[in-house]
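Here come two complexes built around chain A, the first alongside chain B, the second alongside chain C.
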Partner chain A sequence: MNLPYHPAKKEDLHHLGIEQVDESSMKERTLDLLDEFRKFARSFSVMLETCTRCGACAKACHSYLGTDDFNNLPAARAGLLRSIFARYFTWSGRLFRGFAGAREFDADTLDTWASYFYQCTVCRRCAVYCPCGIDTGEIVLAGRNILLRMGIAPSFLVTIGRNELQTGNNSGILKPAIIDSCSFLEDELRDETGIDIRIPVDKPHTEVLFLPSSSELFTNVETLLGAAKVFHILGVDWTLSSVMLEAANYGLHFDVEILKKHDRRMRTAAAAVGARHVILGECGHGWRAARMYAEGANGPVPFHLEHVLDYVAKRLPELNLTRLPLRATLHDSCNYGRGTGLLDSPRQIVKACVEEFVEMSPNRERNFCCGGGSGLLMDEMHDLRMQFGKMKARQIQALQPLDYVAAPCASCKAQLPLVLKHYGMGATVCGGVMDLVGKALVMEEMKAP
Partner chain B sequence: MAYLKVNGKLVELNEDGFLVHPEEWSEDVARAYGALVNIAEFTDNHWRVIYYLRDYYERFRIAPMIRKLCKDTGLALKEIEDLFPPGPAKGACKVAGLPKPAGCL
Partner chain C sequence: MEFLLGALLPYTACAVFISGTVMKIAGWLKKPVPFHITLFPAPRNTMGKVAALAGEFFFCGRIFREDKALWLRVWLFHLSLGLVIAGHVVGIYCLRDQFTLVGVSPGTSRFMSKLLGGLSGGVMVLSLYALLIGRIVNPEVRKLSVAEDFFNLLLLMALAVSGIMMYLPGFQADLPAVRAYMSDLIMFRSAALPDSPMFVSHFLLANILLLYFPFSRLLHAAGSIVNRAMLMEAPPASPTAEGAAPRSRFAARRVHAALHAAAQGPVDRGGQT
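The block that comes next holds the complex of A and B.
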């Protein structure tokens, strides 16, 4: 297989309970799974039956515009699966074969799926422009789920999936390291502000469970520090959880089973500390997974689920913010802009924190993806990802000179600095929205002179 | 399968270039990695970062936060990036024989 990523090995797949399927039974097994998925998600078969090949999606897709690869055109990408679906599950395809857009399952089928379903970031911009409302992202995710059950998935995703199942976070951080990191950050906050600002872990009988994004205890600590300061000033009774340290749920990207299990883990984590209010941090896909799939996955959510940016926007009048001398823009994470409608809160907050706020064009639900979403942050895809980031770079270029791109999602935060550097905009800094709040916030009990 | 040649012996690497068997790490392994990314000579600062990472990993089974690594070694992020290109996670952790940090990085 000629794949743009390192495929997971047999023994790694075992951690997810996956057995690789024999070459000889691949066709039969794939068609069984396709049948299972079309019955599981009616929307999936409707979208497979609907495309008129009008091509409106071509101009909408950053992956196609960046790579110029025909199979990255959303209708063509979905067509890789649609043609097989047509051949085996529609009367016209069974009867008229190629004339009805049907294609036989052959040795190339899974290769092309495995390659091109992982060159889509599931940003769903094509769905905004499709006159039929086809969400190619849904087709891609179904395709990835089918591939995984066949034993085909990127090693990057399988490692993270395993870490989530075993430790509740992407990196595999265990409780002693969480405590060590948080007490270090408390020291940092004390040095900076002179105030004892707590970052509690597993504090019992707590009102709010906070789930920051992946990497806030590794690279993006400023985002977590911003949240800690705000919670302190507002007097919020909050805690992190070692059961589930992060909002991330990589199941959304490739495995419905992990999605469900990890959602259950969120409920366990909230119950363990008695939280009736769960606030998710700056994690795009994690917010979409929780906001849009939690109830479908495991029934009614027994707590108030809220995004940290909605929470902070609501309490903005209570915060004493000074405007930072920055010209800044907001990158709408796809999972906010198109996935969950989280559009106004981040704008409201950034505007309150900087001297000059400028909008990208297009923006909100028409914003272009950073090019690193849906679990494509593996190093070996770096060059492709820079191509996926071409449209984003163009959007940011138009705003230069620019100091700051606020990107409230850990994937975007990992991808955008690389894009900025690659396209010659290394002087523009990328960070979170809560980072800005943390820096703009005037702490009431400032350090004595 | 990729290998790193260390004193005439082959050390097995995974697809990301990290050690398959972390117990095979030695200062010579670090130097062999260094040669691959044009680290001409290992200075005290190199070893300080390497042993800090190894000690932290030994205690916590994970790489330290980058900010903590900088603070405790007294080196700025830029300095660590220059010492171990491309940076702490994918450069220094590899040379120090830690597993590749996973997550949205």
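The block that comes next holds the complex of A and C.
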């Protein structure tokens, strides 16, 4: 197989309970799984059966526009699966074959799926443009689930999935390391502000459980520090959890079973500290998984789920912010804009933190993806990802000179600095929204009235 | 032959059209929607949803915003198709006298009916032609297209052309005879096919379309609405309201397991007095 990523090995797949399927039974197994998924979700079969091949999605897709590879055109990408589905599961495809766009399952089928379903970032921009309301992301995600069940998945995703199952966070950090890192960060905060700002871990009987992206403990530290400062100033009774130190849920990208299990862990973590209010940090797909998928995954959600940016925007008048001398823009993470409708809060916050706020064009639900979403951050896909980031680079280029791109999502934060550098905009810094709040916040101990 | 073409075919075609389409849509709706796949920004209330659906259904709003040339082809075709279908129902039933209801003379009504019908048919043929050319000229769309896409356009075009041909001298069908035939068909009375070769060809093509519709991509008419409804679902609120029905079978199993576990656990007497 000629794949853009390193495929997971047999023994890694074992940790997810997956057995690789032999060559000889691949067709049969694929058809079984297609049957399973068409019964699993309405979206899968309707969206496979409604495309009129009008081509309206061509202009919507950053992956197609960046790579110029026909199979990355959303209708063509979905067509890789649509044609097989038509052949074995629709009347017209069984009867009229090629005439109705149906194709036989052959040796290349799974190769093309494995390659092109992982060149889509599930940003859902094509769904905004499709006159038939087709969300190609739904087809891609189902396709990835089917591939995983056949034993085909990127090693990168399988490793992270395993980390989530075993440790509750993407980075595989264990409790002692979490406690160590947090006390180190508390020292940093004390050095910077002269105030004792706590980053509690597993504090019992807390009101708020905060789930940051686990990368905030090491690489995007400023984001977590910003949140800690805000919680301190607002007097929030909050804690991190060593059971689940993660907003992300990689199950969304390729495995419904991990999605369910990791969501269950969120409930366990909240119950362990007694939290009735769970706040998620800056992670795009994680917020979509929590807000939109939790109820379907494990039934009624027993706590109030909120995004940190909504929470901070709501309490913005209580914060004393100075405007930082920056010309900044906001990158709408696809999972915030199109995925969950989190559009106004980040704008409100960034505007309050910087001297000059400029909008990208297009923005909000029409914003282009950074090119790093849905678990494509593996190193071996770097060159392809830079192509995926072409439209984003063009959008940012139009705003130069620009000091800061606020991207409140851990995947965007990993991808955008590389895009900026690749397209010659190394002087523009990319970071979170909470980073800005942390820097703009005037830290004075609350005085008793 | 008369029986085959004039009775068996139309009844079979209608039965296949109705049962096939209903079965297809029911098959879709029977399948669960395990997760919220709302695409934001989504309309918040029913009125908003209806307005958004209507905007798509009658105006193709999404294509309008993005690609005016594609929109013009698509919209003109669907508009003329709608007018032609409505015109068939009203025009045949009223024998082109429908506009007397708004106060014009029967002569004027017949003229208006013919003009509007001819015009709609003409626009339909032209827009279908434009859609066909668009499919061939745009390299991306050509590469996406399969034989069915061209067949659908050509079938509709043949249907429209045979309909317009009946306006030409020599090909005209006797409208009262057509009406009598249609009403006999609808009332399940034995009916004689009007003696007009052009009408018979048009009628034959219409039956082929009905037979073929539920199996073809023409069903996007229904699929689009089913899709859009999923993308407009109201997002979940948290904490989940008491007594909300479980969203998926696996969520239901979790709920059941939790209840079961609670029932089996030690009895909590803390609240009792």
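By definition in this document, the second predicted complex is superposed on the first by the 444 of 449 C-alpha atoms of A that agree within 3 Å, B and C clash if a C-alpha of one lies under 4 Å from a C-alpha of the other, contacts with A are read in each partner's own complex, and residues count from 1 in each chain.
Going forward, a residue touches a chain if its C-beta (ideal position, glycine included) is under 8 Å from a C-beta of that chain, and two chains touch if they have at least 3 such contacts.
Treat the numbers as computed from the prediction; the structure is a model and nothing was measured.
Peer 1: Put chain B and chain C onto chain A via the superposition and say whether they clash or fit.
Peer 2: In the arrangement built by aligning on chain A, the partners chain C and chain B fit side by side.
Peer 1: Give one of first, second, both or neither to describe whether A:A398 is in contact with chain B, with chain C, with both, or with none.
Peer 2: A:A398 sits against neither chain B nor chain C.
Peer 1: Under the stated touch criterion, which partner chain does A:R53 make contact with: chain B (first), chain C (second), both, or neither?
Peer 2: Touch partner of A:R53: chain C, not chain B.
Peer 1: Does chain B (first) or chain C (second) touch A:S45, or do both, or does neither?
Peer 2: Only chain C; A:S45 stays clear of chain B.
Peer 1: Considering only the touch criterion stated at the top, classify A:G337 as touching first (chain B), second (chain C), both, or neither.
Peer 2: Only chain C; A:G337 stays clear of chain B.
Peer 1: Just checking: does A:P302 make contact with chain B only, chain C only, both, or neither of them? Give me first, second, both or neither.
Peer 2: In the superposition, A:P302 touches chain C alone.
Peer 1: Is A:L73 in contact with chain B, with chain C, with both, or with neither (first, second, both, neither)?
Peer 2: second
Peer 1: In the superposed arrangement, which partner chain does A:V128 touch: chain B (first), chain C (second), both, or neither?
Peer 2: second
Peer 1: Once both structures sit on chain A, report the angle chain B, chain A, chain C from C-alpha centres, rounded to the nearest 10 degrees.
Peer 2: Placing chain A at the corner, the angle measures out to 150 degrees.
Peer 1: For chain A, which side has the bigger count of touched residues, chain B or chain C?
Peer 2: Greater contact footprint in residues on chain A: C.
Peer 1: Would you sort A:A414 into first (chain B), second (chain C), both or neither based on which partner it touches?
Peer 2: first
Peer 1: Upon superposition of the two complexes, what minimum C-alpha distance (Å) separates chain B from chain C?
Peer 2: Minimum C-alpha separation, chain B to chain C: 24 Å.
Peer 1: Sort out for me which residues of chain A touch chain B in the complex.
Peer 2: Per the touch definition, chain A meets chain B at residues 6, 155-156, 159-160, 163, 169-174, 176-177, 180-181, 184-185, 188, 213-215, 217-219, 221, 248, 283, 377, 379-380, 410-411, 413-414.
Peer 1: Quick one: in the complex, what on chain C touches chain A?
Peer 2: Contact set of chain C toward chain A: 27-29, 31-42, 56, 60, 62-63, 66-67, 70, 74, 138, 140-141, 143-149, 151, 215-217, 219-220, 223-228, 230-231, 235-236, 238-240, 244, 246-248, 250-252, 254-255, 258.
Peer 1: Write out the stretch or stretches of chain A touching chain C in their complex.
Peer 2: Against chain C, chain A makes touches at 38-43, 45-47, 49-56, 58-60, 70, 73, 75-76, 79, 90-92, 95-96, 98-101, 124, 127-135, 138, 260, 264, 276, 291-305, 337-341, 343, 364-365.
Peer 1: In their shared complex, at which residues does chain B touch chain A?
Peer 2: The contact residues of chain B facing chain A are 15-16, 59-68, 71, 89-90, 101-105.
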